[in-house]
Amino acid sequence: MLGENAITNIGSRAVAVSRELGGITILFAQILRALVPPRLDTRELVKNLHKMGNRSVPIVALTAFFTGGLMVVQAAPFVQRLQATSLAGWAAGYAVLREVGPILIALMFSGRVGANNTAELGTMTVTEQLDGLRALAIDPIRYLIVPRVVSMMVMLVCLTVIGDLIALLGAMLVAKAVLDIEFGIMYASFVENLAPEDFLHGVYKSLAFGLSIAVTSCYFGVTVRGGAVGVGRAVNAAVVAAAVSVMLLDFFLTYLNV
Amino acid sequence: MTAPASLIEFRDVHKAFDGKPVLRGMTLSVGKGEILFIIGTSGVGKSVTIKHLVGFLRIDQGEIWFDGKRVDQLDEKGFYAVRRRIGMVFQNATLFDSMTLAENVALPLRKHKKLRQATALAEAMGRLEQVYLTGFADRFPAELSDGMRKRAAIARTLTMDPEVVLFDEPTTGLDPVNARRIDRLILELSRNLGVTAVVVSHDLASIFSIADRVAFLYQGRVHAVGTPAEMRDSPDPIVQQFIQGQSSGPMETPGF
Amino acid sequence: MSFVIDRIFGTISAVGAYAIGGVRAALELWMVFVGTIAGIWRMYGRRGARRPAGALVEQMHIIGNRSLLFIVVTIGFIGMVMIYQACLQFSRAVGDLSQVGVQFLRLIVSDLGPTLTAMMLSTRVGAGIAAEIGSMKVTEQVDALRMSGVLPVDYLLVPRFLASIVMTLGLSILGCAIMYGAGGLTAWLSFEVNPRVFFDVSMVRPRHLILGLMKALAYGAAIPIVSGFCGLRARGSSEGVGWATTAAVVGSSFAVISIDFLLSVGALWLLGGDL
């Protein structure tokens, strides 16, 4: 009896997930088609870049700072034991640039910008503004969605770059405060051990994360049904989908070692 | 399958939602330049009918003709050409919350006439003048009353210079003064700009003041059609019940 | 010149306003927390207290069971990635991979397991709580509760608070297990590390377990408080619910990271660097 329920549960959940996946893929294809030829509404693009950038810088900066510090704290026991202070910079820097930086910044971005985007599009859907656009023979994908997707991708890459730098800064500060390692040593450790490929690896990841977060966020926004409750549910779904996709993409990109 | 003489024609249209039939063989024609009211009780399928004209819904069976061509088989892209000629004013006005009135009206000008923002805004002001809203051009929709929002939506729809404008319950929820203003606007559109107006409504005052013809929808079909005077004097008891606004009578209204 | 001064003053007052806003938000959050604890006392600490039937179990189901698959998938993948990176680095730096499993477990138990699980939960559970409570607030159901003499904190927050603490604890433990298992699998498949060498618990001390448990408890408490707070502040209609959910996700995630940072640094200081 219990087993039956569990199987039906998993089955129906699988069907629901694949339906969403199908919808997301269709939206992705529509977005690609709208990019050829690339005729963007520049006003919308600029407005979104402005909005998304402004909103997220403070929270990303704080997160990045703490993340850098955390990496140093984690590395601390090894550093103490092996008395290898130069190791601190390398360990923290490597983790930040390649993994922790892009992932945490993407998750924060998904929460701040992605969820907001879903809420906005969701409200517009519920109040029929999207239908209003279609009635005016304006393609909502070209006008509304593509600028947002492009903005989110560009913004996440920029934020990751800035965040990486702030994280390294945070690492240096925490190293001095907690482990009494001089700035100079940390800096030298960074320069010696971290290669441009490490940095770029993180940037490529953020590009992929940005695309994924953007498309899922827009998808759940425009498929909202049922008023205020529906919008809340859509935001919930968007954030969860973004988190899962970030983890999956990270996995594949790490193995491909782009 | 011959092209009809009238501008718009519905031929034996059927539409069901989740197995529940709403339109059951609706046949109706709309002549060029006339003001046609589609009336009936709530839920009988009035809004559904006009939504088919601009492709927000697809029919299950039947034909819809516009200007000598069939439009029921078009895909989304095909409907864009239709939507430039048939405008729609939604029941909730659906202005864009994030833009001022002027920007709202300027948007289709920018997109379709490829005007720059400054030029589009200037022309938008002219359009707002037509609906007596120039003083509110810089306000946001949330700050305005329902009547004003409706008028702004009409102005926005007119920027495409459509031949036909569909109105989905334009006076529902408005106070009597504003309702009559909207009526007058629709009349001016028709007489001065030659626009064909298809109005979905159950506002008897509007019907009897501006309609050229009235189509009464009942149980998924056009039960009666004629001028307002003909409807008022109709011997059909069902028509009479609606026109007189009586709560009981021969009409079958599901849910009561 | 005056332009520059104006800009400087502008920035200072903006930062100041930010700071004041932050302090106020922190105070209000603290009040919600205190209110919730008081609510727990009101509902469970006294005899004859009114308890909404089954609410606690229902919340535990929503928070725990429904998140299960999500946590398993995400934590599993991140575990694999982490080990992959770690093995790459270890083989480059030290050449010997025998220590990877041992050290990794310490890291998982004291930090990664609870923290990453909580980060994932803050998106799923945080958004869910804010969306539910937010919609209720916006459709005036919260006011209706007050009218019937029930404190919203008691009815809405207390079950979610308790459920979240229990479930976060449980899921953190599960998360640790999954991470470790996925990591071991990756180490074995990609780097031929013998599972027997990898799965070694010898270096895990009680202090790691305690730190991990403390973190999991703190996260479990923080997420519902922050999300419930955001939900109760929702205003307007669907737009307000959207805002509340967004703020909840960001706030919960940030709370998790801050708590992680504070507890980790604190532990380091207390134990004099020997974690």
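For the reader, a short list of remarks on this structure follows.
Read from first to last, the chains carry the letters A, B and C; within each, the first residue is number 1.
Operating definition for what follows: a contact is a pair of C-beta atoms (placed from the backbone, for glycine too) under 8 Å apart; a residue touches a chain by one contact, two chains touch by 3 or more.
Here the structure is a predicted model, which means the values were calculated and not measured.
When chain centres are taken as C-alpha averages, the shortest distance to the whole-protein C-alpha average belongs to A. Each chain gets a centre from the mean of its Cα atoms; the one farthest from the centre of subunit B is C.
Chains joined by the most contact pairs: A-C. With centres set at the average Cα position, the gap from subunit A to subunit B is 44 Å.
For the pair subunit B and subunit C, the distance between mean C-alpha positions equals 52 Å.
Centres computed as Cα averages put subunit A at a distance of 18 Å from subunit C. The residues of subunit A that reach two or more other chains are 123, 127, listed in rising order.
Those residues of subunit A lying in contact with subunit B across their complex are 43, 123-124, 127-129, 131-132, 134-139, 143. Within the complex formed with subunit A, the residues of subunit C that make contact are 18, 69-70, 73-74, 77-78, 80-82, 84-85, 89, 103, 107, 111, 119-120, 123-124, 127-128, 130-132, 134-135, 138-139, 237-246, 249-250, 253-254, 257-258, 260-261, 264-265, 268-269, 273-275. For subunit A in complex with subunit C, the touching residues are 10, 13, 58-59, 62-63, 66-67, 69-70, 73-74, 76-78, 80, 91, 94-95, 98-99, 103-104, 107-108, 110-112, 115-116, 118-120, 122-123, 126-127, 174, 178-179, 227-233, 235-236, 239-240, 242-244, 247-248, 250-251, 254-255. Those residues of subunit B that touch subunit A in the complex are listed here as 54, 56, 80-81, 83-84, 87-88, 90, 92, 94-97, 107-108, 111-112, 117, 156-157, 160.
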